[in-house]
Structure formats: structure tokens, C-alpha cells
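As C-alpha cells, here come the structures.
Next, two complexes with chain A in common: one pairs it with chain B, the other with chain C.
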Partner chain A sequence: MTEKKRPINRLKSMYPLRGLIDGMYRQGLSAAAEGKPVAWCMVNWWQGDPILKAMDVATIYPEDYGAVCAAFGAAQGYLERSAADGFPSHMCGYARNCLGYTGRMMDAGGIPEEAPMGGMPRPTLLLGSGSLCDARYKWFQSLGRYFDAPLWVLELPHPGVKEGLTPGAHETNISFIVAQLGEFVTFLENLLGKKMNRDRLDEITTDTVEMNNWWHKVNELRRARPGPMHSRDFWSSMPASLYMAADPGQTAGLYRRMYDEIKERVDNKVSAINTTEKYRLAFLELPPWHSLGFFDKLAERGWNFVIESWAYHPPRPIDLNGVTDPLERLARYSYHWLTGYYRQAYDAGEWWGYFAYPYLEYVRDYQCDGVVLHPLLSCRTATNHLTLVADRLMKKLKVPSLVIEGDIVDLKLFDPAGALTKAETFEETMDHYKKVRKEAGFSW
Partner chain B sequence: MAEEKGLARARAVYRNRRHRAEELKAAGKKVIGYLCAYPPLEMMTALDIVPFRLLGDINEPISKADSCLPSVVCPFIRSTLDLGLKQRYEFLDGVVMAHSCDVAEKTAHIWNIYLKPDYFHFIDTPHTAGPSAVAQHRGLLAAFGKTLEELAGKKITTRSLKEAIKLHNRQRALVRQLYSFRKPDPPLISGVETLQVMVALMSLPVTEGNELLEEVINEVSRRQDSPPQKKARLLVWGSILDNTSLIEMMEGLDASLVMDDTCVGSRFFWPDVELTEDPLDGLARRYLVDVKCPRTFRQTNDGGKTKDYRADLEARFGYLKEYARDWNVQGVVLQSLRYCDIHGYEVPQVKDYLKGLGLPSIYIEHDYQQTAMAPLKTRIQAFLEILDRG
Partner chain C sequence: MKWFMGLDIGSTASKGIITGNGRPPLYHRLPSKADYRAAAEALSSELLAKADLRRQDITATVITGHSAGDLPAKHRRIADIRCCARGIAHLFPQARTIIDVQAMSGRIIRLSAEGRVTDFISSELCAAGGGRFLEVMANILRVELDDIGPLSLKARKPVHFTTGCAVFAESEAISRVAEGAAKEDILAGVHQALADKLAALVERAGLEEGCALCGGGALDSGLIKAFQEKLGVNLLVPEQPQFVTALGAAIMAGETGRNEDKEQP
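Up next is the complex of A and B:
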């Protein structure tokens, strides 16, 4: 009897990367048990994490824990608890999961017994972020209702395209971030009663950039036909970079192994799906973590998701040679992540340089036939730009979009059967626009 | 409209906001639209540019905005964008927007893309209020000033900016004086009338607004037909209220709305700009630190190893205690637009604070539609009954 192949051809090199996240939760629990500092952090795009690592603070990301709780089916109870505590139900699912979890934790006097992955231990401090969405500092501010961990909020300027390219603006913004990071270091030194080890930070910063450069190279290989890596493998692997789940030098090695595996697939034209690749797609933004099996159904129909979610990709490589201060390197790196497409956006006459413009390049460079938009009913940030993106992709590249509404945590808001029906119909639309693009002289 | 005075003129401007702006535009003035409470009006006034606040229309069904902004975002901002797309703001010479919240920031880009204003500037207002953030904000205001100067074809001088600050501070002082007429029982001016004046001020040049305020203050101080006494004196807190419907509903019951903490009210007008040697310093501080919108994160644990929740609440909401005391408030209506994250996260915390003061509160959520008022009325009625029972 031959074993039936799974619809998605998962990368072997993905598993150790995904395993790093399990390790992150274990390390957090161990640190707490040993009385060492633990931080609950918002994703901060490599601004604050290297500093925390250099200060030997264990980090845990309640955003990731929201996805974990959704995947383990534990989120609903936490959502109900946050509603009972008075938080409006239209707010971020990750946040409400965390607020409900925290309420339960404080009631139980420790980690609630039903908590997946061993749970998140009570933190020593909270690191919020002003990047991309308001929830990522307002939510942590709300945690003051439950415990007394101090909160620090990092800034990352979000200039408009034109304003960001005004002479002097770039360096002014870098100086601001450096000043903010310096204030954060002072806060940590006071809180933890020890000085920052600059040499250690320097090393971690170098490794962080190296890690992300390999991760970037991995994603560059995905332009190949057939697409060698499915978005599911991206989502499983991204937390290692985004949450800096382990020592970045170690993670860099794992991404390099992933690069080698994909390169071999590309050389041998091995696809990420075990059906002929009929359609190449991009997925925007976060997937329904509770229903990832949905992508298997689409893979069976020949849908290969070859690119996704700009905010979870590493920045394009940047030359940081000559920048000796590690805080300045971190500042330049994070700012580059956000504004790295501004020049091209300006040249294209596009005024939303992050979140929206990059998809014009992604869809063109990865030769997508369609885009699946996943507006999140509880997340403005992952949703605001989707209508605009759909419009620009159609106008500029003749690529159609399919809207499937849902949520990252709340499974009641996602209808997989309805979504599949919509997807079947969307194939005709993609076929039609293939012809339209051909007639218009596009290369795919 | 020009012959009308005081409250009647305020009501007329409220009902037809663009009329005066269009007259000014026809007379050769430049008019710039601004969204939210964060663009500094003084810089426009210093160049003889008329600032005109962008607001929505609760009575206008949103139709065109659906083509560029999803339905799960702030209905006020969607309504405002909808009006823009329907060319209700075509008389503007341009717009300035700020990073007042996530959706406002992103809508700024969408506005720029779809409405293609001749002049557009985005101020990336920081989220925090420490020294480096204030310095950053000052630089952002200087950059804004340069683009305004290009538009106006002249320079902002220290003198012209200081004069503009004095004019706007004068307006703020007059607004505070007007609000003091809400302290007696019954108040001398209703919540509905007050909001009409506030909206009118945001639709007129500052000098005309100040004249209007002086007329209103003169009229109200001598009025014989003040609002009737009601059982409950309420404060309304929360996200933007630019239409009188909700207040009209509350005041139609046995309640007087005597104070507000919203951005077309006290939150917008309360703090003055300090007249610093370099006026940009005072402006940077006022608009980032002193305007008490929950969109700004204020650090309350500097140097501490823990965070004291009560102290944090006091630092963030302490002004509400003063409002409640000075305006003799008996209950607080916490209201928020659906999908407003900034206020949504705040609700349980502000409730905790008010509970600590012994002030009853109710939370209501609405979606910026006239039709949404009926179910809210029942809830407010129940709240008033609770207050009545003491």
C-alpha cells in the first residue's frame, strides 16, 4: 500500500525552526521558575529584542500566544473572559485572548491549567511597540488592571512617503529611534540593576542581521516555478525571526539549511504542493490559525501560495558597514524594514509605502495569478489597506483578489465551507485575467 | 447667515459648515482641512490660512468609501472619507493629517491616493510623550511649517506664530468661560448648544470664532430661556461626537449634559499653548503632551520596578475627577464608536477609575448612524433610573 501524499509538501528544514518557538515557551517558564526576568513583548521588528537578549531577559510574545491558543482551541474561553471584564468584542483577538488569559492567571494564582504550551509565566516587564497598530501599546497598558509589571513602549516613525523622503527626514528619524532605544536601555538597567553589555549587544545585532539575510534569501528563492515553499511553511518558520525565538546565530544556521533545501527543490523543479501548480497566489495578511487545513483543500485544487504578509517578512538587505554603535544599527535596520520600499513607491506614484505598495512588487516578482485577502473582523491594521491593495493590483497588474473574511483567533468568524465555494468560482476569474495580462503584454 | 448672532449663528454654521469657508475661499483665502485634534492650527493661522476641521455626517449613508476603506474600521473616519469622495470638501486647498490613531494614519494615505489634494501633508505624531518624543514632534512641526510656507508663498515668522498662538489661546479661554456656564443647576447652556458652538468654531477662522464666542457668552450670561432643570447631571466621555443626535437623545430624557471629554469639546480646547521663546517648543508640547487623548502613551513608571495601577489611573484620568467635582457630575456616559481601539482598551480602566471616585458609569457603543440611537436611548434611560435610585 502506498502512502497518500499530503496536499502540501512541507519542508523538512521548517520543523527545527518551528521547534524554536516551543523552546521559547520552555525557556520563559524556566527563567520564571529560577527567578530570572521575563518580558512579555510585542513584535518590535528587531528594535528591542536584541537589547533584551543582551540583558539576559527571557522573552515571550502574547501575539504568538494568541495564535497558539487559537490553534489549540483554547482561545474561546479567554475571549469570553475578556468580554466579561468589559473589553469590547470588536478589538484585537490576540489582545482579548491575552487579557482573558491574564485574568484567568491572576484568579488561579499562577498559570491556568488549561493553558497550551505550558502557558506564559507572569512577566517582570512589558515591552510595547508603537509600530503598525495602536493595540500593541494600548493592550499592554490595559494589563495594568491585572498585575504591576512596568511597561515600556518603543517608537518607530511611520512617515508618509513624501515626508519620509524629504531631505534630512531619514536621519532625524534615526536619531529619534536611537534616543528612544537609549532611554529603553536606561529603563532596563534601572529595573534589572545591572549595566548593558555593549559587546554582547554588538554580537547579537550582527547575528540578527545575518539571520534575517538568510531568511530573505530563502524567500527570494520562492519566485521559482513551481513555487518551492508554501505560505504554511513561511508562517511556521517566520516566528523564529520575528520573535527571535533563539540565539540569532543559531537561527541563521537553520534558515541557511532551509535555503539549501529550497535551492535543491528549485534546481529539481519540486513544487510545494503535490498537485500541478495551476495558480500562484499571495495571501494577505494573517491566516485563520484555527483552520489552516483550509489551505490543504486549496492545494488539492492546484493553488500554491508563493508569497504573503509583508509585515512578517524580513527587510531587504541593507549595508550597515561603518555603523559601529549597535543601537544605531538596530535603529537603521528597523526603520529600513518599515520604509525600505519608499523610494520605489514614490517613483510609482504610490503614497502608502509600507503595507500597501510592497504587494505591487511581490505580486509582480512572484508572478501571482490571484491574491486572497483575509480581512480580520477584529484587526484594523491587517485590514485597512486590503481594499486599496486589491484596487492597485487590478489597475496596475491586472491581478484579481478574493476576499475571505475571518479572524485570527475567533473561529466563529470564519466560514471554511463558504470560503471554499468562493475559491472555486475565483478560479474562473484568475483564468480570465491570465488572458487579460497576456494580451496586455505582462510576462505571466 | 451673517446677520445672525450668538447661538443662532453657531447653529447656522453647525448646520451648513462649509458656507463660510466657501465664502472665504471665493474671497481669495486658502482653506486647509485637518483631521482630528493633532495638526497645530496656529501654524495655519500664522500664514492667514483658514483651518477647517474634517468631520463626517451621521445622516449620510456611507457608499463611496467602501471602494477604498473596509467596513471594519472607524465609522467616523469612513464617513469623513466618504464625504471627501463625494466632493463635499472640494473647496479645500488641501489637507493636513496626523498619526492620531492607526486608522487615521492609514486613511491619510488613502485620502492622498484617491482624492489627490493639491496640498497634502502628514504629521507622524509620536505615540509617547517623553523628552525625545517632544523633540521629534517639534522637528515634525517645523517640517510641516515649511510645506505650509510653500503653499502660502510666505514665511512663518516668530512674531506671526506668537500672534496666532495668542488668538487660539484666547479662543480656548473663551471656550472654558463658556463651559463655566454649564456649572450652575440648571446649566445656562445645553449640551446640544455647546456642541453646535464647538463645531462652528472648527468651521471658522479663529478671529471669527472668537467673535462668535464673545456673542454667545454675552447672550448666555443674560439669557432668560436657559435649559430646564433635570434630575441627572452627566459627563460624556469617549471618541468623537461631531453631531448633536446622541446628546439630544440624552437631554431629551431627564438629564443635562454638563461636561464632556471628547475631541470636539473640552479635549480639543482645554490646554493652552505655552508662549515659549521659540513658539514651536510650546506647540510641540501642547499638541503631543497636553491634549489628553488616550492615543498618547504616558509613562508613569519611570525609574520604578513596578507599576502602581491606581497611580497610573490618576495620572491618566485625574482631570475627570476635577470635571466631576467642578461641574457637579452625577454619572458618566462612556461612549465609543465601534472599532475605535484607542477608546475600547480604555473603557474598563476608566470605569475602574470612576468606580474609585464613586461615580456611576455606563458604556455604550455606536456605529455613527442616526438609526443607532433608539436602542441606546433605552440603555441611557435605565442608567438614569439607576442614578435616580442613588
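Up next is the complex of A and C:
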């Protein structure tokens, strides 16, 4: 009997990368069992993770755990628990999941039985991040209702485009980040009673940049037609970099294998979907983790998602040769992730929206026919720039956008049947704008 | 002899049309009663009886509507937004913007000269953006739904609703009744609130004349007035606005030209 092909042609090299996340949870549990330090961290775009690794602290990311719980169908119980504790439903879904999980953990006196992936063990410390998201300032602070653990928050200056390009601003901000990373090291050394091995940090930092450079190369290959890698593979592979799930040297090797597999696909014109690629799309913001099968239905219609939100992509390569202090390298690298498009945005006259500008490049370079905007009803940061993006893409590139409201965690906020009806209609819109772009002289 | 059937299975009402052979379209409507399969079967049978046709006389059927997804896939299904655009393009070739006020939601559709959808926005997960909002208010005021338009037109001092939420607006309407506000004024306020909400979406989509209003909401003269005042345009309103999507479905059935209606829906 012939096996029916799945709508999305998943990359073999994705599975080991996804497996690193399983390993991250296992390592967290082992460390806790052995009495070693465990940190609950927020995504901090490689500012603090290498330092924790250099201090042999096991790391777990409640944001990732929110996605895991949603994908395993376990999130609703935690959301209900957080609601019972008084956290409102319009608050961040990841935060509510984590607070609900923590409430259950404290009730159970340990990891709750139903927790997916073995659960998150109680942490030794918390590493917060002030980057991008306002909810994250209060979320870890709120954990103090349940247990006592030291909290450190890393800051990343977020200047506007014009302000960021003011003479002297860049180096002032780098100095600020370097100083606070130094303070973070001191905090950890005092907490853990040992000195950080700076040679080890140097090595991890180098490997982190190497890891992301391969990950960047992978994504560059995705400009090919047909698109060789679907966004579902991106989302499965992204945590390995974003959460530094394993030793970055090991992860770099896995991204390199992914590069090789995709290169072969590109050379042989193998598509990421098993239907003719009728439409190339970008997906903006995180997906509905609880309903990823939705993308199979779209793939069956010939929709190939070829690129996603820039904030989850690695930064474009940056020359750090000559920067000998690993803390400064980390500072320059994470600041570059945030501000790497500022100069182009300014030159293009798009200085007012640094969050929106990179999409103009993505949609043009990856030749997208349409963009799916996924406003997350419990996330302001991920949502408030989307209408601006839609406006700029239409005005500058004549590329239409489809709005499908939902949430990363709360499946009650997502209507898959309604979304598919909209998708069918959107094909007519994409067809219309293909003609408009052609008449306007665009290349796709 | 070619006959085409369009069935629009909505959340509260199912609407059907048979077109063909140069005859004026034949319309039929019945309540969906939450059993969409039964509604589709009854609608199709009653429509055929009205037209004095047999099932095998129908060349092609297209089924659409909010609840069409719950039906077995025996006919071609087409998204209701596309059908709505085709229906309006047929009735008003000059239309480039549509405000479609359905029971469950309101939406704005931009369309090309050929009746293709070039953009669309819906009021999404909000009861205050659709016709249900009007039904709730009619119920509170103990007024028949058909009467709310004419009553609203008699308003002297429309009530201003401070909320855009159907649930809170319901409480607010009760408070205004208790304060002695006239039903006419409350209804005019309701119409303004709904028009304000959907006009914001029109602004987002971009208003291009002519602008058509359809869906069950377009039967309401008070809502038509509120929209015209808010948008500053004369709206194109079909004689049978609640049948526009079914009409578009029948037109698209004609475009497919396939004989696929040999079974019960």
C-alpha cells in the first residue's frame, strides 16, 4: 500500500533540532534532581543565556513551555487555574499558562502529574528580560505570589530608528549593556558562590554566533522557488537557537545539516509542500500552537509559508572580529539583533516603525503573494504593529494581508473553520494583486 | 434549459435562489434553527417546488454561508465573502465597496469591476458588529425587528452609547429605558453605534464609491440612514439585500456549469 504523502514535506534535519528542546527539559529535571541550579528564563536574544551556560546553570523557558502546553492540549487547565487566581484573560497567554502551572505545582508540592515533557522543576533563580514585551516586567514578579526565588531582569535599550542613529547613541547603549551584563555576572557569582569561567564564556559566545550564522544561512536558502522549507519547520527548529536548548556548538552542527538538506532541495527544486506551490506567504507573529494542523489544510490548497516574523529569526551576520571581551560581543550581538535594520529603515524613509520595516525586505526578497497576520488577542506587542505592516506592504509592494485573529495558547480565541473560509477568499485577493504587481512592474 | 441554485446557509436564516433561462430569480428563505443540514434540505426542496422544477433539472448548485461547513460535501462550496461580492457586482456593476451586515458579524468587502474580492475585513469576535446586536436591542425594547428601522427614523434626540460592546450596551439600553428615554431615540443610538463600529472598518479597508449595503441589516432603514450620515455617501441597497450572497452563489454555480446536483444536499 502506498503511503499517503502528508501535505507538508517536513525536513528530516528538523527532528534532531526539535529534539534538543526535549533534551532541555530533561536536563532541567536532572539538574533539579541533583541539586544543581536551574533558571527559568525569558527569551533574551542571547544576552544572558551564554552567561548562564558558562555558570553551568540549567535553563528552562516558560514561554516555550506555554507553546508546549498548548501543543499538548494541556494549556486550558493552566489558563483556568490562573483565572481562578485572579489573572485576567486578556493577559499574555504564556504568562497565564506559567502562573497557572506554578499554582498547580505549589498545590501538588512538586511537578503536577499532567505536566507535558516532564514539567518544569521549581527554579533556583529567574532571569527576566525587558526586551520587546511589557507583560514580561510583571510576570516573573507575580511568581513571587507562589514561591521565593531571586529575579534578575536584563534590559536591552529600544531606541526609535532616528534616535538609535543619533551620533554616539549606539556606543552609549553598548556600554550600558556591557555594564549590566557585568553586574549580572556578579549577581550570579554571589548567588552560586563561584566564579565564572571567562574562557568558557568566550567559547560559548563564539559558538552562539556561529550557530546563528548557520541558522541565518538556512533561512536565506528559503528565497528559492518552490520554497524548500515551510514555516512549520522553522517554528520547530527555532527554539534550538532562541532558547539555546543545547551546547551552541552542537546546535550549529545541526543547523549546518539542515542547510545541506535544504540546499539539496533547492538544487532539485523540491518544495516544502506536496502540492504545487500556488501561493508564497509570510506568517506574521507566532502561530496558534494548539492548531498547527491548520497549516496542513492550507498546504493542501497550495499555500507555502516561506518566511515568518523577523523577531524570531537570528540576526544578520555581524563582524565581531577584534572584540575580545565576550560580554561586549554579547552586547553588540543582541543589540544588532534589535537594531540591525535601522539604517535601511531610515534610508527607505520608514524610520517610524522599526518593527514593521524588516517585513518590507522579507516580503520582497522571498517574493510573497500574501501575508497572514495573526493578531494575538492576549499579546499587545505582537499585535500592535500588524496593521501598520499590512498598510506598508500594500502601499509599497502591492502585497495583501489576511487577518486571522487567535492566540498562541488559548484555543478558545481561534476559529479554524472561519479562518479557512477567509483563506479561500484571500486566494481571490492574492490573484488580483499578482496582476496589479505585474502591471506595476514588480518581478513577482 | 439550464437552472442554477445558490444556497446560503446562515447561522439564523437560510436563503436560496434559483436562476436561469432568462427568468427572474426565484427566492426562498427559512429559519436555520441550528440544524443546518435539515435547513439546507428543506430550503432546496421548497425552492424546487416553488420553481416547479425537479432536482435533476438543476445544472449546478453552489452552497455557501456561515454554516455551510457543517454540511456534507455534495455540492461545490464557495466562501460566502466571494459569493457576496459576485452578487453585488451583478446587481450594481459600479460597486467597489460592500458593507455586509449579517446576523453574526459585519464585514467590509472591496471588489474589482469583475466582482472579485480585492480586500475584506470582518468585525471578528464581537457581537456588537453584526445584526444580532439589533435583535438583542429590539428584544429589550419589546419592538418587532421589522419595526426598529421606521421607529429609529422618528428619533429626535438619539441616545449616545458609551460602549462598543453588545453586552454592556444591553445594560446601557435598560438604564436609558429606566431613565425614560424614548424607544425611538434609543434605537437611533443603537443604529449609530453599529454604524460607527463598521464605519471604522470601512475606513481601514478604504471607502471607494459606489458603496453597497447588504445582508439582513440592509432591511433596516434606521441603519441605512446611520451609515449614510456617518460615511457621507448614498448607499446602493438591493431590493432583497438578504439574498445577495445566495444570488452570488447561484451566479458562481452558473460559472462552474457542472451538473453536480444529483443528490440531496
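Definition applied: the second predicted complex is superposed on the first by the 441 of 444 C-alpha atoms of A that agree within 3 Å, B and C clash if a C-alpha of one lies under 4 Å from a C-alpha of the other, contacts with A are read in each partner's own complex, and residues count from 1 in each chain.
Note that in this section contacts are C-beta pairs under 8 Å (C-beta built on N, C-alpha and C of every residue); 3 or more make two chains touch, one makes a residue touch a chain.
None of the values given here were measured: they were computed from a predicted structure.
Trainee: Count the residues of chain A touched by chain B and by chain C, then name the partner with the higher count.
Mentor: Counting contacted residues of chain A, the larger count belongs to B.
Trainee: Is A:Asp107 touching the first partner chain B, the second partner chain C, both, or neither of them?
Mentor: Neither partner.
Trainee: Pick one for A:Asp260: touches chain B only (first), chain C only (second), both, or neither.
Mentor: It touches nothing on chain B or chain C.
Trainee: Touch test for A:Leu132: chain B only (first), chain C only (second), both, or neither?
Mentor: first
Trainee: Identify the partner contact of A:Thr425: answer first if only chain B is touched, second if only chain C is, both if each is, neither if none is.
Mentor: second
Trainee: Taking the superposition as given, does A:Thr387 touch the first partner, chain B, the second, chain C, both, or neither?
Mentor: both
Trainee: If you stack the two complexes on chain A, which partner ends up touching A:Arg145: first (chain B), second (chain C), both, or neither?
Mentor: first
Trainee: Identify the residues of chain A that lie in both the chain B contact region and the chain C contact region.
Mentor: On chain A, the overlap between the chain B and chain C contacts is residues 377, 387.
Trainee: Can you list the residues on chain A that touch chain B in the complex?
Mentor: My answer: residues 85-88, 90-92, 95, 128, 130, 132-135, 137-139, 141-142, 144-145, 148-153, 155, 157-163, 166, 169, 172-173, 176, 179-180, 183, 187, 190-191, 350-352, 355-356, 375-378, 380-381, 383-388, 391.
Trainee: Can you list the residues on chain C that touch chain A in the complex?
Mentor: For chain C paired with chain A, touching residues are 69, 78-82, 112, 116-122, 124-125, 204.
Trainee: Give the list of chain B residues in touch with chain A in this complex.
Mentor: Interface residues on chain B, with respect to chain A: 66-70, 72-74, 99, 101-103, 105-110, 112-113, 120-122, 124, 126-128, 130, 132-133, 135-136, 139, 143, 294-295, 297, 299, 301-309, 312, 336, 338-339, 341-342, 344-349, 351-352, 363, 365.
Trainee: Applying the document's contact rule, which stretches of chain A touch chain C when the two form their complex?
Mentor: 377, 387, 400, 403, 405, 413, 415, 417, 420-422, 424-425, 428-429, 431-433
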